[in-house]
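Going in written order, the chains are labelled A, B, C, D, E and F, and every chain counts its residues from 1.
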Amino acid sequence: MVSASGLLPVMVLLPFIGALVPGLMIRAGRNACATFTAIPTLLALILLGVMAPDVMNGGTVTARIDWLPGLGLNANFMLDGLGLLFAGMILGVGLLIILYARFYLSGDDPMGQFYTYLLLFQGAMLGISVSDNILLLLVFWELTSLSSFLLIGYWKHLPEGRQGARMALTVTGAGGLAMIAGMLILGNIAGSYDLSVILQHGDEIRASEYYLPALILILLGAFTKSAQFPFHFWLPHAMAAPTPVSAYLHSATMVKAGVFLMARMWPVLAGTEAWFYIVSTVGLITMVLGALIALFKDDLKALLAFSTVSHLGLLTMLLGFGTPMAATVAVFHIINHLTFKATLFMCAGIVDHETHTRDIKRLGGLASLMPITALIAVVAALSMAGIPPLNGFMSKEMMLEEVAHTHWWGGTWPIIIVATVGAMLSVAYCFRFIGHTFFGPVRDDYPHHPHDPPAGMLAAPAFLAVMVVAIGLFPSLIAGPIVDVASAAVTGDTAEHVHLKLWHGVTPALIMSIVATLGGAFLLWLHRPLDRVWLSTPRPEAKAIFERLVAVVERASLRFTEITHNGAISRYLAIFTVATIVLGFAAYSGGGMAPPTRGLLPVPPLVAVGFVLLMVATAAIVTMHRNRFRALMLTSVIGLMVSAGFVYLSAPDLALTQITVDTVTVLLMLVALHFLPKDTPSESPTILKVRDGAIAVAAGAAVALLAYSFLLRDVSTISDYHLANSYKGGGGTNVVNVILVDFRGYDTYGEIIVLGIAGLTLYALMEALLNGPASRTLRNWTFPPDRSQDRHPVMMVVATRVMMPIAVLVGVYIFLRGHNLPGGGFVAGLVMSIALLMQYMASGFGWTQERKRFEYHSMIGWGVVVAGLTGAGAWLAGAPFLTSAFGYFTIPPFEEFELATAMLFDLGVFLTVLGAVMLMLYSLSRLARYAGETVNLEPMDYDPSRRFEAAAEVNDKKDGH
Amino acid sequence: MITYAIVFAFACFGFGLLGTLWRMLAGPTVADRILALDTMVINFIALIILYGIWQGTAIYFEASMLIAMVGFVSTVAFCRFILRGDIIE
Amino acid sequence: MNHWIIAPVVLPALLAPLIAYVMRYDITLQRVASITGAVLLCAIAFGLFMLSADGSVHVYRLGHWPAPFGIVLVLDRLSALLILLTSVLGLIVVIHSAASGWDQRGRHFHALMQFQLMGICGAFLTGDAFNLFVLFEILLIASYALTIHGGGKARLKAGLQYVIMNLAGSSLFLIALGTIYATTGTLNIADLSLKVREIPVEEAGLVRVAAMLLMIVFGVKAALFPVQFWLPGTYAMAPAPVAALFAIMTKVGAYAILRMHTIVFGPDAAPIGSLSQDWLMPAALITIAVGAIGVMGARRLMPLIAFSVLGSTATLMLAISGFSPHTTATALYYLVHSTFAAAAMFLIADLLLSRREGGDLLKAVPATVQNGFIAALFFAGAIAIAGMPPLSGFLGKLLVLDALRFADYAWLVWAVVLAGSLLTIVGFVRAGSVLFWKSTSAELMPPEEETPEEETPPANRIGPALAAPSVASLACLALLTVFAGPVMRHMESTAAQLYDPGDYVAAVLEDQHDTKKLKEEEH
Amino acid sequence: MDHDLTLLPEILVSVFLVIGGLFGLVGSIGFLRLRDTMQRLHAPTKATTLGVGGVLIGSMLYFVMVEGRVSFHELLITLFLFLTAPITANFIAKTHMQAKLQEKDLPPSGGKYGWAVYDAPPGEENDPGR
Amino acid sequence: MLSRLFPHPVLSLTLTIVWLALVNKVTLGNLFLGAVFGVTIPVLTAPYWPNRPTLRAPLMALEYVFIVLWDIIVANVVVAAIVLFKRNDAIHSRWVVVPLDLTSAEAITVLAGTVTMTPGTVSTTLAADGSALLVHALHTDDPDEVRDHIKSRYERRLKEIFG
Amino acid sequence: MELVVATSIGGLTAAGIYLILRLRAFPVILGVTLLSYATNVFVFASGRLAVGLPPVLTDDATAYTDPLPQALVLTAIVISFGMTAVLVLIALGAFLENGNDRVNVEDERAGEGDA
């Protein structure tokens, strides 16, 4: 059926789309809001009605939409009997709940949010019921957890609500995650994640070695959702939610999802020993335990909650039996439970709403105060107790019948006894609910005077109560067809048609039922003493245990994080180093090395001297690093030696660059050290120093070994090409420079951008510092009193006047020759900045700054832009970025000279370097001026010629007088 | 003969390097250390020039020139640090 | 040669200095320029994405030098995808920082941001190992600046740690590159692919070391155990929009591993074998655990998100560690998801924290204006990053789990991922319920006299411009969910391209001779 | 160095190199054995300067006479050293004065103002930035 | 105008020569280039050298240079002898105060530099108002003689050169 | 010679690593500087060692040293310069704001008695 296929996804989507509306239109009023919530629900229900006939006739409506075929996750929907049953329940009860909630919620509650959450939840449930893809089902499954979280926590001002919501989400979420694993295993056994495919591979799956893990994982999901022992504890605490939520979640929807899932998977998973023992046992325990606790709960909703737990146990047990008949009974009981439990919740809500209390011990005699409510509640409760002729009786009878045939843990007797006890307890709490709430003496101490609520609020429970009776009286007419198709869907058509009727004759079930009813009444009579016993018996409080568990996990996590991520970068680095060494060796051990192919170069004595110097200085830094100034000087020595090494090993460019960069770096560090402590205290204990030393030595040895091993082996490299093409294609004889500005000009482009960013960063940082708390530190800065008094010595100033222009000229020279001989824009930029630095040192930063010709920001900017545009200029010629061009020109009478675009690029480098270094110095010197250094007005401390003038002036004055 | 002369000079300046290193580590005053660094730089320039003669190339000339320049700047900077704290006030 | 290929690098690189210099004193102009640049970048990225969608590999030879001698840019599906991702994220972050005023809390924000984008795009495009290092450094130094943007005690210290860690990483990167050059004599990735495969297994010790060192280096960026320690502190302290942009930074590490350890050190390269896989998977698993535990234990919101990012990225790395076309496709899907999810989370946290009086604590404080809207965003973001449906995180997680089902110790993988998800969910639930529910509950309403009116910041309202970036990142996630099928198909083909390096190598190296000739003719 | 050498240039170059080396050596020895810092300051600044000077002249001669290329580079370096050496010596001496000596250890300047290391220049005596 | 173009003519000349020395090749092109730099760089750096000292007697300057060079050589030999052959406690170091008649900063600097470069003396500091120079003599028994030597041999000449 | 170079690299690395494991920013900066020396030499060495073979094209030369690693090292030097500068300044900033130059984030509780 094409049309129906289209309708199915629309039906699922309707609540989600509708969910947007109430949240947005709450200002339009509560009625409008409720109406617009009801509309999508109603529409969905109508769509369901359109599709229902097909299903009732034994057909299946399917729809397939590709979503993520790569994974096998598709939006495939299937509406069969089971789906129809659940979808109908979800939408039908949903509609009733919407109506009920309209009257239940007070004006203070944000109703728009509520309806939004409700529709989201409804959509998610609907999705579960009609998914034909287990991954899609998982999506909806987790969505129910999330949306129920919102619903349960709806009254966010109540701590119980928040805790209940968190607990519900944690438990069901955990189950959902387990189920993900289970479903993935299942899908992999079956070869598809499509439910319809999986359903056909039941035998294969049950035979698979992965059956048991899959079963356990999926059951974890189902049990947590359906609040089965030992995960039952979350459900009662979810009762903090507004009653409509409880009524919806705990009668028809949320908790039934687990049951639904077991029913869905029944053809695939059921029928094995494992299934039988796990599922039926858990169900049985839950049933009895839930009923027992329910009997002693004083809160109406808590009582109902545990009764729900108990009934869910019952359903689980039935499904666990694994026989088609038991499954059919389960389906039937699902319907019945829905009708009476939703009714009861709503009634409890009405009682709460009217009397402002839900404590049974404070209630009583409400039958006369709110007769209609009482009538409805009594009908529903009797049904729950299994009193004929109500629907609860029938399904309970059938359940007991199934129990009587079941061979469990070595016989039928154990289960018969336990089930009867469960039924007995169930009867007892039902009677208690009725008796202690509605009958007995009328009390006058209610916080609020109770009376029957408006019709709108009663309509929903009343309707359901009518259903309770109707199904009880005409089971095959009303519930028969749907039970048939649903159970057929569950059992995969193996179920025989069941004729639903009230009277089956005197069967073992009937006897058990009578025993249970009488026993239940007896128990209620004994309730007072039993209650005392119950209260005095210590029993584990699941919620407390859970919360303590969460708290322990939380604290342990915090502890773990605090210990591991404690902000100790030193330790992070130590771990980093050790890991690198270990992993490096591990990687090496998988390979080997070719025999050495290179001989060793000789070591002349001079190199040995340099080596000694380097090593001694290095060792000295380690031992003397606490005196920072000394350490800096030693760094200079190391820099000098490294440069020497580069000179010796035929790398003049490197030597030039290294020595200039070192100088500038050391100077920057010196400037910074001015504000830093001058000494490093010895803080690490010796053991730590030894440890660090060991790590360091290991790392050093590893790196040395690595270097040594490749130094002994030859390899052919790509640089032959560079040597061959440097002059021909790059126009320069200094291959290193041609590589820098041409072959790998893009690297250089990146490198100057790094410098530019560094300049901007430092500038921005200084701005931040001067506007932050650091500025106070600086303003209170005190300089040592014994500073030397000559800031700008005459000799230095004069020498600089000559030195600086020469240094600038050297910079220009180095810049211009770089293409053919060692040098280039970078070194030139540094030389130029060293020249300027000289001037700064001589006459002070402020004085020099006032006379500068260029702005450093602009230099960086222009540098990067010039380099970039030079590169982009190649586009004009249709060539790629950074393609260079060069030519040789002669202007008579001069000799031939070369012009290359690479030089323009180098100019960009030059400008950026100069600008960046200067901007760094500028930023730093601002700190000093902020700290109180004054800017001098004269280039030197005292120009001696002024002494002469001053003397002359004095003489003049003398003469004048 | 030049070879011997160069080797001799190498030896002298090499010894000088070691001496300056010793002085730098031993001090005792900060001025000694800075002086040691300055002397080291100068010895070093001499060595590079010698190496240039040895190799018969002028390609290392820039290196020695730059080292002379930056050596001066850093010596002054180290001194100014001790004298004033702020080297570019 | 298509010059647009280099546009994602050149455009921000030219724009940034202009912003830094010409527009230095006018924040409005800076914003306009920055946003315009980001939009243009998006357009270019989209064009490149379409260009590469047909599976062709485009090579851009910088300086017109033939590979492997010059530097080449290579545009294939993977790089195009990541550039598109970067540009979209960049736009989102730029708008947010302008709308939230973050860009005014310090200097040069927009210029640095453009440089950052340039570095990231460049790293994705380059076909040269050393150039990758250079661009790494660009994006790192820009990120240093952005991390400490606005200054402040704790931020500076966190920035200091970040810088130190990455400097150590950079040193290692250089050592790895040196080893690579020393053993293969080349730096071009395509050429390396050939050269590495020529090395006999019994002589492969050094190149194996290089491969491992590179993996550690990239692991630092991707925050993998045992070099993940830096991430939570840094991200938690970074300005929120910057942290959001950093969502792509961890992905740079992931990308680099994907690129280098498939094309060069791929599982089919005999000298390397399963080396990468053997070490990546356990590292990723431990990182996931660390992230989840961190989320669970976090006492402040920003570290909580930071740890969740750690876990999320580790999940991505886990998927990568499968080293097969299928697992890689899922990894790519997860990569996109993880990026937007982390970004969204940081932006939303910014909206929230800038409107709270209590600072960055998971402590209940009085409700704020438009709490509901932020709550909704937060909820959606948390869902995404914790991997709950309906957003792409869930699909991503399913994909990863499904793809890794044949891995060794698949059960362990599943257990860790799922348990990690649980802890993450619980952590976020706790955070959300404290921040939004508890904070609005009645008992916390402060006494009137304690809140003088002038203390409430006037900018409490969330205008459309401020909301748009967060909403947009969530919308991206939604799109990623709805169009999961087509997206995944694209990822499959992207991954397939990675594991068939033949095309890549051929495209980079094929016309070697033609170019050489051309070059010679020119001169 | 396999050029055809005539004896004279070779001797000349060698002499300069040896002189340079000797003075370098003397400077270092002085640097090592002299008693106090101010004395040590004398040895290297002078001896090393001439030491390097000798080497530089040797180098120049070598390139001119042996290799046959004119080289002015060495002149430049000499210029540099001669310009800078007094300044560095001056600074180091001041550093020593500032760190280890006090004004009373030195003879008075004889004028109104004391030595610049200790006394502010005229007009700036009260500058807080000093 | 001319002074704007050539703020320091001697410097310009020096720079041109330095350029030629740098490129190590005397050609017309280099000369031209050197001259260009010789003109432009002083113009650019002129703000840092605001006053314009003049050389009154260039020839005397040349003579001075040779005197100093000679003294340097002597100094080195003398110092070498002291360093190598005198026992440590036999070295008598003295502080010498040299009152200055020179007033030009340039001249004082040259004097101080000369003192440092020549036999056994190092100039250490000036008086705060530049009225005296403190010299450290490595080995002397008569500080006054050192002072007179400096004043007569160097300061007198410098006074004439710088005026 | 190879041994000398390898040992130098190792020594510099070891010293660098020892120093970056210290607790104060300044030794860490020194350590980073030493490490960058080590890595520069390392990368340089990857082109193998050559004495007296400058990478400048001349007519009479028959062999050259490998220029590519030199170019790479130049780039690396410049980059590490920028990085070190930023590191120094951030360390300075952190010191000015925090009042100490420890690199580790102190436990707030522990730090109180120390100030």
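Operating definition for what follows: a contact is a pair of C-beta atoms (placed from the backbone, for glycine too) under 8 Å apart; a residue touches a chain by one contact, two chains touch by 3 or more.
In this text the structure is predicted, and so the values were computed from the model without any measurement.
Touching chain A and chain E together: D. Of all chains in the assembly, those touching chain E and also chain F are A.
Note: the chain lying farthest from chain E is A, by mean C-alpha position.
Comparing per-chain C-alpha centres with the mean over every protein C-alpha atom, the closest match is chain C. Comparing chain pairs B-D and A-D by the number of C-beta pairs in contact, the larger count belongs to B-D.
Chain B and chain E have Cα centroids separated by 22 Å.
Averaged Cα coordinates give chain A a centre that lies 37 Å from the centre of chain F.
The mean-CA centres of chain C and chain E are about 62 angstrom from one another, to the nearest whole unit.
Distance between chain centres (mean CA atoms), chain C to chain F: 27 Å.
Residue positions 22, 27, 29, 41, 49, 71, 73, 76, 79-80, 84, 86-87, 90-91, 93-94, 98, 116-117, 119-122, 129 of chain D are each in touch with at least two other chains.
Contacts with at least two other chains are made by residues 16, 20, 25, 38, 40, 42, 45-48, 52, 54, 56, 68, 72, 75, 79, 82-84, 86, 90-91, 93, 97, 103, 105 of chain F. Of all residues in chain B, those that touch two or more other chains are 10-11, 30, 34, 58-59, 65, 69, 72, 76, 80, 82-83, 89. The chain pairs satisfying the stated touch condition come to A-B, A-C, A-D, A-E, A-F, B-D, B-F, C-F, D-E.
Residue ranges on chain F touching chain A, taken from their complex, read 1-27, 29-30, 33-34, 37-38, 40-42, 44-58, 64-68, 70-75, 77-79, 81-86, 88-93, 95-97, 99, 101, 103-107. Taken in their complex, chain A has these residues touching chain E: 789-790, 793-795, 797-802, 804-806, 808-810, 812-813, 817, 839, 843, 848, 851, 853, 893-895, 897, 939-945, 947-948.
Against chain B, the residues of chain F that register as touching in their complex are 52, 54, 56. Against chain D, in their complex, chain A makes its touches with residues 786-791, 793, 795-796, 799, 802-803, 806, 932-934, 941-942, 946-947, 950.
Looking at the complex, you find that chain B touches chain F at residues 55, 57, 59.
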